[in-house]
Each structure stands twice: as structure tokens, then as C-alpha cells.
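Look for chain A in each of the two complexes below; its partner is chain B in the first and chain C in the second.
Now for the complex of A and B:
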């Protein structure tokens, strides 16, 4: 219960900062203006009137979509680093948890690169900057899996995930994707446990978000594994168990063989039933788009409550979604495919 | 241009026959080459039409493929590094075969799949549908590109072959055949002239002989006149009386 009284002592400044930053997230009318643009130059003009200000005017490189993408990611990175630098426990642990998902991607990339004997120096710039850890360069030195695990990965914050999910023996047999998904499952479950332990408003806000994430991954892994070599038993090892589908839904999903059966599983849960039922209307929204929408909705709910850690997580996720939206609009504009330009997910 | 040349050859009847045969050969060759050039041109025009069709289709397909890449990036995040890391062998390969058109070999490329899809699980947790759509679109683009490559190489090869053939046809028509014809007419004129010379010579000899005969006759007549009447030796056969007969 110290959460209520003592929260502002440690985290009040940062919560205020995040709420201020949240006010700068683009609104529907901003997106509408951006979608009307015909060139990237117009978009740059519109972005100058938002909180992004001189994002694109600084420097004199050519204005391309990839430049825009890099600059947007750079802003998220700076904001996150600023928050992390000023934070105290338990917020600092919470923010570290957020970085673990990027770390997992980086580790998988480096491991596959090292196993194919590629130069680590080439891969380092391609890692996600939010997921850097100290031993990254050292991953390239390891020559066998055993070395990799015992010497390097053990010291990273990801070690507990490796222990649960992956043993030394089967590191080499697994493909990169399977390893990534197993690590992510362990990560989600650990994060969920952490939030549950915090209690109070943090638990009330974060746990539904993480449950949704877990279920969403289970659904999407199932749907995407139809027609591939991934069998039901293999799939089950990838389903995170911290969602609402656990345990019965996950069992049913592992046995599902086509889209109809997956939909039948979703029927038992009213939220998911809604998501699955809309995809058959012939609208241009795919299943994934609907999941994105639901995620954004849950994240916006975080700002309605105070004195909890969820605002930080939601802010980062929403900022990322905004970056994706802007890049999508930019791509549509440059490729002159205005028909699908409204496929972005509006946030506020 | 070598306008007034003819082949240097001694003009004779045999040479004339040889030249006639060569003329015939040159004309047949020219007709055959013309037929080859026509066949090649026909194929050339077909290929040109196909290229235009394929290129416009290519524009559409590439545009769609690039857009599906943007969609996949929106749904699945940045998977480019994962894809690059997992590259080991090519899945789609190209074979070259030969096609023959009127004696000209044209290369034809066809693509074939080898090995399974090593990117089956990319985007497993996010954006898998967009990634598989992306793969399909780019596979279509690659097929079109291979076809376009065959068409373009055939185009270039055929173009060269047509130029060479036409050059040969023109060379035969405007250089070889006139040269042979000129040689032939030269031979014929030489032969005619030789005949005329022969004829003239004969005539001249006859005249000379006649003149000589007249001259000798005149001389005899003159000599006879000088000698007076010459008793002709008696002709035994025309004698009426024979002296040697004692008793008559």
C-alpha cells in the first residue's frame, strides 16, 4: 500500500514527465493531415507543427522514409534513456523489464550470426538500441553453443529466461524463430510475475495488458503455423502461460488444425470472440490489425489511473505504434498507394 | 565503291560456263539468306511485342511487391536483419536452355525452386500473414524478371543476327552478283570479238588468194602472147591419121 503515499516521492517527477510527453502524441486530426500530404516534404511541414518540431529539418541528408524511421526511433530512444537514467527502484527494474524484449531480439540475432561465423562488428549496428547489454560484443567470440551459454549468456539479465526455456543441448537444433519465441514466453511470464507482485494499481493495469499480449501471441503463432513444419506439440511450448487462455484454451489451440477451430476456441472468451468475428466481414482489417487496435486501447486505459508504473510501459508502446503509423503513411505517400493509407491505428 | 571491277579470268567458253554456274549459285544463296532474314524478323517482332507486355506487367508487380514490403514492416517490425542472417543457399535458381530459330541459337532462361522454404517461420509471432504475402509477391516478381531476361537476351542476339544476315544479302545482291555479271558480259564480248576477228581474217585471206590467182593468170597470158602461137604437141588421141600405120 506504500504505492499510494510514497509513489510521488520516488517516481512523481518521472510520471509527470511521461504524462507531459503523452500529451504530445499525435491525434486523429494530425494523422488526417499527414494522410493528405502528397510528398515527404509536406509531411515534414506538418510534423513541424507537432511535438516533433525540428525532427526532420536538422541535418541535411536526403529526406527518405528510412531517415524518418531512424529519427523517430532516435526520439523514443532518447526519451527512454532519460527516463531510465533518472529512475529509482522499483521503476528502474520495471524499465529494465521493458528493455528485455529488445534484448531477446538482439541476442537471437547475434547468436545466429555467430553460428554462421559472421563478423560481430557488422551485426552490432543492426541491433535494437534499446536492447543493448554489456556482453554483446562478446557473443561473437564464442565458437560453440556451450561456450556461448556458460561464458556469456549467464551474465546477462536474460540468463533466467535461457534456463527455463532453452538448455545447452538443444540450442543448436532450434531455429532462430523458435528460440526467440521460447525466450519471449519466459520473459512474459517473468514480467507478469513481477507486476503481480507489485500489487495495487500497477497490477490492475499491467496484468490485463500482459495477459492480452500472451493470448495474442498464442493465437497468432497458431494461425501462422498452419501449413508449416511446426506441429501442435512444438507450438504448445511457445504459448505463454500468463494469459486468460491458460490452461484450457492453450490445450485447445495446440490441437487446432485450421482457422475455423481457432475461431471456435476464441468463442469461449468474449473479448477475443469480438476480434475474430469481425475479420469475416470482408473489411480490409486483418486479424493482426484488430489485435493492434485492442493493444492500443488497453494501453490508453493506463493513463486514466495514477500512481502506478503502467504509464511508462504504455507510453513506450504507444510511441512505438505512433512511429509505425507515421512510417506507414510516409511509405504510402512515397509509393503513391493512397488506397490503403488509412490502415494506421489511431491512438487518441 | 568497287563499281567497275570484274573478276580477272581468261575469257574462254569454259570460263563462261563456270561464271554462269557461279551466278546461279550466288542467286540461290541470296534467296536463301533473304528467307532466313525474313524468319528472323518475324520472330524479332514477336519478341518485341512480348517484351512490351512483360515490362508493363513488371511495373505493376514491382509496385505491389514494394507496397507489400511496407505492409509487412508495419505489422512485423524490422525483420530485415533476421532474413539476412538466415541466408545460406538460393531457393530459386535459373537454368539456361537453347532455342533455335532459323539457325540462330537463342538462350532461354527458366527458373526452378530448389530446397524448402527456409523462411517459413519468419514473423511467427507477428505479421506472419503479411510476410507470406510478401514472399508470394516477390516470387512473382522474380519469375517475371527471369522471363524478361530471356526475352531481352534473345532480342539482342536476334538483332545482331538480323543485321549480319541483311548485310550478307545486300553484299551478294549489290556486289557479288553484279561482279559476276560484269565478268560474264566481258567474257561474252571478248568471245564475240574473237569470232569477228577470225571471220575478218578468213575474209582477208580469201581476198589475198584471189588476187594472187589473178596475177598469175595475167602473167601466163602475157608470156603466151610473147611466144606466138605455140604448136601444141600433137594429141595422139585426136589425130585422124596415124603415120606409123603402113598399110591403110
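Now for the complex of A and C:
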């Protein structure tokens, strides 16, 4: 009875709560008002009339962009922790899956920091708070992948994703990046299988979002590997296989050597063709921006259906995008670069 | 020898049915699936086996529907009907209320104005349980004592009364069950839509009204079914 007849037994209250929180996401008119501001003080005033309320007025620290960023991340963290604390399986497993991607980023951050001989105390505050786990401080001590796994990560939730990533080679910068991509590939495929198993509306909403995420990773890995010594064969091991590009598109991508060939691969898929095509009005949207736009579009679709787990994922991702938008506007305002201020991605 | 096999097969039939039902209700869904498939295949095989045995050993007369219907008391059917009327209605009402109630509570956190208006959805679900209890009382008032003990002395009218009461109970029970679920799911949608946009509530309420009408249909048909019931000597 996990489908819509029995969904509300365990998750009805939280779904109502998340939809209420979603109503507080800033709209186009809010962004318009924020973009008109000249200083951060004006932005603070405008944010007070939205759902953020006393976000910036509490405390007496100096109003800077980094303070704004921290406070925004703090709200997402509080809301997520509240949802996670009240949730029952399978929602609790689903929310845990959302945190694993941040955990992977934190692990790689700590390893690269340790390679540069940075102090653990300095690195810990820079980790993403949603992805904390108990053994974080010990991650910097490991020297090889196998050591990292067997000594530290085997007790964390990331252990099942280490199947492909364990190797006896010493950890270096490139190795850390490859490990990140391999972990992420295993994580994404596991998450996709979980959503697929749930079936019903959860599958219909979440699987396209995760397919897009997989394809986006494949494209970004390919584009970023031009000019490095990461060969096509090595790249292929990093592509997640739960996307629409699998298997033919991934084979073509593994053989691509420059941006034009990547664009040719994208031509076969209508959504990705649009993303890679040059726009006529000559706006300066980067590839990353266009991927974010498509992600936002897919996430807003989650709210059109009821009795599924996708609303929780979409809410977190849209809140993050909102945080990115507000920080972008704040940066433009403080640096007086009003020309680029409209490069945020409106959500609703 | 074949009588032994048949007695054996009856017991296995009942035990494998019980196996499936228990496994479905008590076990975690994923574990139960394996047992359920095995039990269903088991049951089907035993039914086929029993059916073939009864046929080839010329014991088809033992599968006697008429004996069953005349030997069971009309009171059993009547009370089953009363029980189903109230219990299935309450299941439907409860299902609907919890579906709507949890959405109202969740939505009411960020939009407190929806709290009072959306209690109307709960009232629609509750009405379904009230229909059930009314019909249960109406049906139970029709049960009277009769002094026959054999099928001939009980008489056709008493049998008809028993079956009508059972049928009326089934009618009102199932229609209220589905009415309750329907109103519950629509009410949940109404609460969440109202939290986002206050003008949507009245429109969705119209859908709910149509949904609650189907419970009323069940009550009407059940009244018609029991209108000619006359138990007694």
C-alpha cells in the first residue's frame, strides 16, 4: 500500500509541510525587486517581506555576501534536518540518499585538502553541512584508496558505492577526482534503482530527474577532460549508466575529442540539442547555466503530482538554486556589475 | 483410500489459503511476495487436484451448494450483513479521514488559514460512517425470531430475509468504503491546493460533493433491498 492509498499514513504531514515551504520560494517579482537593490541593506529589507523574514536581521555581524550565503545554507540545513527527523522509511532512506552526494563531495574536499597539507580544522567548516558523517575528521589520514575504504569509509553509508573505486594506487589530485566520479556514478545508479523500485509517481517524477543528472555528469566529464590526460577509455568508466545516453550516446561521448563532437552527440537527443545549441539573442548563458535551467524545469514538475517522494528532492534542489540566485544577485549588487544581474534562473 | 486423499486435500486447501492470507497481512511486503506466489500456486494445484479427484471418483455430489445454503441459518447471513455494513463503512471513513487529516495538518503549518475550512472534507468522510451505522441499525431491527429448524419449517421468506440483509450490508459497506477513500484523496488535494491558492478550495469541494454522493447511492439501494424483508413465523 505504498502508492497513493497508503502514502499519507507515514508521509502525509511531511508532504503538506514541504508544499507549504515550497510556497515560500521566491517568485519572479521577488527576484525583480532584489535586482533593483543598490546595496545589501536594501536586499535585507526586501528579504524581510518574503518567507525568509529575519534571516539577516538576527545577530549583529557585518552584512556581507558570505554571511548571506551561510545563512541561506543554514535555512536549508534546518529544514532538511526537520524533515529527516520526522520521516519514516522509505522517506528516511530517500532523504539519506540525497545527503550522500554531499558526503562524496566532502570526502574529496578533505582528501585534496590533506594532499595540500591543510589542517583538518581548517577544512571541516568548508564541508557541506548536509553531508556530515562521523568519521570526517579521520579522512585526511588515508594515503591510498584501499586504506581510505577499509579504515574509514566502510562504516559510513558510502561503503556500498566503493565497489569500483578501490585501487591500490596512491591518492593524488587526479586520483581524488576520479574517485569522486566513480563514487558518484555508483551513488546515482543506486539512487535510480531505489526510485525505480518505488514505482508509481515517485518513479515517474524522480527517474527523469536522475537520468538528466547522469547525462549532465557525462557531458561535463567529457567537456572538462579535453586537454587533460584522461583518455576516452578512462572516461567511459566514469559515465553513470542510468541516463538516456546509455549505451550508444556514452560510447560516442567516450570517442569525442572536441566540443563539436560532443555537440554532435547531443544532436541525437532533442532536450540536449536545445541545451547545446547557440541561442539567437546572444545571451551569455554558459553550458552550466543551461543545465541548471533544465534541472529547475524538471524539479518544478514534481509539484504537479501528489503522494510521491519526489517533492522532497525537488524542494531541496530548488532551495539550493534559490540560494545560488540570491548570492549571484548579491555579488552583482556589491560589485556594481548590474549588467549581468539578470543571469539568475527564475524558478516559479 | 480415495476418501483419505480427499480429506487430506481439503485440509491442505484451507491451510494454504490461511498461509497466503497470513503471509500477506503479517509479513513485510517484499518477503511476503515469495510466500504468496508459492501459496497461490499451491492452492491452485490443490483445487485442480481436488476437482479432478472428486470428478473421477464420482464424488461430485459432495460439492453441494444447496446443502450449504439451506443448512446455514438465515441469522448468520443477516448478522454478517449487519457486521459488514458498519465495519466496511468505518474502514472507508477512517481511511478517508486519515488521508485528508494528515494533509490538512501538514499544509496548515505554513498556511494556518486552511485549518477550519478544510474540516468540511473530514465531515464528508464522517458522513460515510454515519450512513453505515444507520443502515446497520435499520437492518438489525429487521431480525426477528422464527421457530423452524429444518429447511422446510424455516420457510422461504426467512431465507429471503437473511439473504436480503446480507446483500444490503454488502451494498452499503462496499459503496461506503470506496466513497470514503474517494472523498479522502480529493480532500487531501483540496487542502494542499487551498494552502497554495485560496480560491481553489470551493472548486475542489464540488468534486468532493460528487464523490460523497456515491455513498448515498449505496444507502438508497440497501434500503430498497431490505424494504420487503419480513422475518419471523
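Some notes on this structure:
Going forward, the second predicted complex is superposed on the first by the 316 of 348 C-alpha atoms of A that agree within 3 Å, B and C clash if a C-alpha of one lies under 4 Å from a C-alpha of the other, contacts with A are read in each partner's own complex, and residues count from 1 in each chain.
One rule holds for everything that comes next: a contact is a pair of C-beta atoms (placed from the backbone, for glycine too) under 8 Å apart; a residue touches a chain by one contact, two chains touch by 3 or more.
What you see is a predicted model, and the numbers here were worked out from it, not measured in a lab.
Superposition of the two structures on chain A shows chain C fitting alongside chain B with no clash. Of the two partners chain B and chain C, more residues of chain A are touched by B. By the touch criterion defined above, A:335 lies against chain B but remains apart from chain C after alignment on the C-alpha atoms of chain A. In the overlay built on the shared chain, the residue A:138 is in contact with neither chain B nor chain C. When both complexes are overlaid on chain A, the residue A:23 reaches chain C alone and has no touch with chain B. In the superposed pair of complexes, A:67 makes contact with neither chain B nor chain C.
Shared-chain residue A:4: touches chain C; no touch with chain B.
With the two structures brought together on chain A, the opening angle seen from the C-alpha centre of chain A toward chain B and chain C is 170°, to the nearest 10.
Superposition on the common chain places the nearest Cα atoms of chain B and chain C 30 Å from each other.
Within the complex, the chain B residues that touch chain A are 63, 66-67, 70-71, 73-75, 81-82, 85-86, 88, 120-130. Across the complex, chain B is touched by residues 108-109, 112-113, 116, 118, 123, 126, 175-178, 180-181, 184, 217, 220-221, 223-225, 228-230, 238, 286-289, 292, 324, 327-328, 331-332, 335, 337, 340, 343 of chain A. Here chain A touches chain C in the complex through residues 2, 4-5, 8-9, 12-21, 23-24, 306, going by the rule given at the top. Those residues of chain C whose C-beta lies close enough to touch chain A in the complex are 29, 95, 98-99, 101-111, 181, 185, 188-189, 191-192, 195-196.
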